[in-house]
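Report on the structure given below.
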C-alpha cells in the first residue's frame, strides 16, 4: 500500500516538475522579447502589404510558419521577434546563432521548391532577382511569398515593417526600424554638412565589381557622406575598369569582406600605389554582412561606413 | 652482291586477316620488277612493307641487307622513294612547293631552285611548276607526285599503279621514262594492272594471288594463259604481232560447262569457229592438225587440246588414234570446209567412226567442194548434218544448245 | 583570291609586324585616359615612376594588360595553326584537345577555395590544363602511335567531363558563381605584371614550331605520305601536340577561355599568305596578337567603365568574319 502511494506521489511530483520546467522554458523563450504578450496576434483581420517587387501580398491572419529564402530575411525574422515562427531557412543562414539550427531548404541560388512546400509555410520570405521564377512556382502551390528587395535604406526600413505586419510582430518590427532610423539620423547629423568624399566600394576583386546606382549600398554610401563612383558604371553590381578607378582616384577605398581582399594586398595591386586612398591609408575592409544583407544590421553597416568615409566626424565625438 | 630488296617468308595481317603469306622474292640493284595480281591480292601491302611503312608479322624485309625496321625514316626515304596511288592534298600549295617536299630527306637546302622544274620537265610537264596543285587534273597530279618522289634521288623507286589516271600517251611516256631511268641505274618496283605493259617494260614480274606468290620470273614465263586463268579467272589469249607478244582476254561466260566440241579443220578454216566456240563457253578440241598450220597455231594460242602431226606429214597412226580419242570424248564433232587431201583424209574417216559410235557430226557443205581425196561422199551417205557456210554452222551450234535447253 | 606574299616569307611577316606595332600603339594610347603619341613616347622613355597617376595607369595597368593580350593572342593563334594542320581539319580550335576545360576546372577550384591571390588560380589552371593533356595523350596512344582521331574524341569527352564538374562546383559554391562564369568568359581585366611573367613562358613554345615548318608542310599530305617522304611522324606529332597543349594551357590560365581567335586567325592568314608554314606560323602569331590586342581595347573602351568580357568581343567579331570566309568558298 505504501508503495503505490509513493509511486503516485512521485509521478505527480515528476509531472509537476516537468510542467513547471516547461513553463519556465517557454517563458524564457519569450523573456528577451518584451513584446511577447501584448502583440501575440494584434490583428484578427486580413493583412495586406505591397512587397518590394510591387506585388500585393495578403494573409488572412498573421503568419505562423515562415520559411526564409535568404540569410537577410532570416535575420529580419529573428530580429523582429518572429524567430519562433521560422520553420526553415537557407544553408547560408548564419545569424543569429539560432538560425543555424533551422532546417535547410537549399541555398540562395537553388533552393528546392518541393522542400519549401513540404514545410507548409503560410509565408515565404524571398529575395529578388534569381528567385523570381521560384515565386511563381510557389504561388502556384498556394504558398504566399513576400519579396524582400529594397533599393534604398528607407526601403529596407519599410520592408521590415511590412514583414512585421505579416508575421504578427509589429512591435518587434517597430523596435528594429526605430533603431535603423535612429542610426540614419545620427549619421546624417554628423556627416551631413561635410563635403562628400569620393568612395569606391569593392564588392568583388576579380573581376573588379562595385555597387552601382539603385542599390541600397549606394544609398548608404550617400547617407554616410560619400560619393559612390561606382554609380556611374550603371545599376546593380557592374564590373569596373581598373584604369577608370585609378583615373577617378577616390578618396576612400572600401572592400567588402566577401571579396577576400586585405588592405595590404589591395595596396600592392597594379596601379594602386598611386591612388590617393592608398597613399593616405584610407583603405578599409568592411564586413559584407553589414552592408550586403538588406536586414536589421544595415544600421550597424551605415555607422561603420560613416566612420570609414568621414573618420574625422567620429574622431570629434 | 646482296640484292637491293629481299623478302623472306613474309607474312602480313591486318588485325586477324592474313593479307600476305610466305612471300619471298628478291630485287637486284638495277632490276625493274612489275607486280601484278587481282585486286586484294596484297600488292599495295607488299610495297608498303618494302618501304618500311608496315612491319611484317613474320619473316623479314631487307633493304640493302638491313631490316626495314632498323631504318630511320629519313634514311629510308633516301633509299626508297614511293609513288602512291592516292594522295590527299586539301590545302592549296603550289606545284613547285609540293615537288620540293621530295628533297626533304636529302637535308636542308638540298633542293636547288630549278631542281623541281627540271624534274617536271623530264616528265614533260614543266609548265605545271607554278600552278596550284589543287587545280590540276588527276593525271597531272599523278605526274607531280612522281616528280616529288624523283626528287628524293633514291636508288629504288616504288610505284603503286602510277598510270591509273593517265591517258594512253602519258601512260606510254611514263613507262618509257621508267625504262630510261632504269637503264640509268634506277631500280624499279611497280604495281600495275595493264598486263601488256607489264609484259613489255619489266625484267621480271611478280604475280600475286590471294596473298601468295603465284609466279615470279621473266614476263614471258610468267604471264602464261594457264597462270593467268588460275590467278584472274579469265581466259587469256596470247598473240604474236611484229615480234611482240600481246595478251587479250575474255571473261568466262558461264561457269557451267556447255559441252565439248571437237573441230576437224586446217588451213585457217577453223580459226574463227574455234574462237567463237571458246568464247561461247565450250570446251574445244581439234585435230588432227599439222604443226605450223594456222589452225594449229590458233589452237595453241587458245590452249586447246589437239591431235597434232609433224609439219607437212600425212596424219600418222598416233595422231589418228589421239584424234579418235578426242572425238569420242566430245559431245559433237564439227567439220569445217577444210581442203581434204591424202594427208588429212583420215580425219574424215575418224569422224565417220565417231558418228558410228554415236557422236553427232555436223559439217560445212564446203568440205565437199574441196575434196581431193574423194572421201567426203561418205559423209553425205551417213547421218551427217550439213550447213551452208561457217555462219550457219556456228549459229546452229550455238542454237543447238538453246534448242536443247529451251 | 588575293595573295599578299607569294614568294618568300619576309614581306608577309614584316607587314604583319607592322600591323601589330600599330595595334599596340593604339591600345596603349586609348582608354579612359587618352594619350597622344607624344605623351606615349614620354611615358615609354620615362619608365615606371612614382607620383604620376598617368604613369601609373600606363605602366601598371595598361602596359601589362596589352602585353598579356598580345602574348595570349599569339599563343592561341600558333596553337590553332599547329592543331589544324595536325588534325587536318579546318574546324579545329586550340580547345579541341580538352586542355582548356581542364584549365577551367583548375581555375574554378582555385576560385572556389578562395585562393584569390594571383598565382594560385593561374597555377591551378596550368596544372589542370597540362593534366588534361597527359590524360588525353594516354588515351590516344595505340601501339606506340598517337591516333589523332582518338585524341580528338578523348579531348571532347574530357572537355564535357571537366565542364560538368565545373558546373557542379558553380552550383555548390553559388556565391562564387559570378566569378567563375566571368573567368570562363575570358578577360584581361586586372592582369598585371605577374600575369605577364607567366605568359612569357609561352614564347619558347611559340618559337618551337618555326623549326618544323618543312615537316608541317609535308604532313599536310597525310601521315602516311609524310612517312614515305622521310618525316619522323610520331616524334613530330608528339612535339607539336605538346607545344599546342602547353600554349593553350598557358593562355587559358592567364585569361580564361577566349574563343575564335585560335580558330579564325589561321584561316585568315592562310588566305593572305598561303598554307606554307614558313609564312603561316609567324604571320599567324603576329595577327593573333594584333587581333587580341584590338579586341581587348574594344572590350575596355566601348562601355567604359564597364568592361565587356573579351571572349564576347572576339566571338562577336570572329563569328561573322568566319561565316564570311566560309561563304567565300573553299579558300581555306
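Chains here go by letter, A, B and C, matching the order in which they are written, and residues are numbered from 1 within each.
Keep this in mind: a contact is a pair of C-beta atoms (placed from the backbone, for glycine too) under 8 Å apart; a residue touches a chain by one contact, two chains touch by 3 or more.
Fair warning: this is a prediction, and the values are worked out from it, not measured in the lab.
Asker: With respect to inter-chain C-beta contacts, which pair, B-C or A-C, contains the greater number?
Answerer: A-C
Asker: Please identify the chain with the largest separation between its CA centroid and the CA centroid of subunit C.
Answerer: Farthest from subunit C by mean C-alpha position: B.
Asker: Where the centres are mean C-alpha positions, what is the separation of subunit A from subunit B, in Å?
Answerer: Chain centroid spacing, subunit A to subunit B, equals 96 Å.
Asker: Which integer distance in Å separates the CA centroid of subunit B from that of subunit C?
Answerer: Centres of subunit B and subunit C (C-alpha means) sit 59 Å apart.
Asker: Please report how many Å separate the Cα centroid of subunit A from that of subunit C, as a whole number.
Answerer: Here subunit A and subunit C have centroids separated by 44 Å.
Asker: So in the complex, the part of subunit C that touches subunit A is made up of which residues?
Answerer: Listed in rising order, the residues of subunit C that touch subunit A are 31-33, 50-53, 55-57, 60-62, 64, 114, 116-117, 121, 171, 174-175, 177-179, 182-183, 187, 189-190, 192-193, 300, 304-307.
Asker: Given the complex with subunit C, which residues does subunit B contribute to the contact?
Answerer: Those in contact with subunit C are residues 51, 53, 72-78, 81-82, 84, 87-94, 97, 101-102, 104-105, 148, 152.
Asker: Which bits of subunit C are touching subunit B when the two form their complex?
Answerer: That would be residues 88, 214-215, 217-218, 220-222, 224-225, 227-233, 270, 274-276, 331 of subunit C.
Asker: Applying the document's contact rule, which stretches of subunit A touch subunit C when the two form their complex?
Answerer: Touching subunit C: residues 92, 107-110, 204-209, 232-234, 238-247, 249, 258, 260-261, 265, 269-274 of subunit A.
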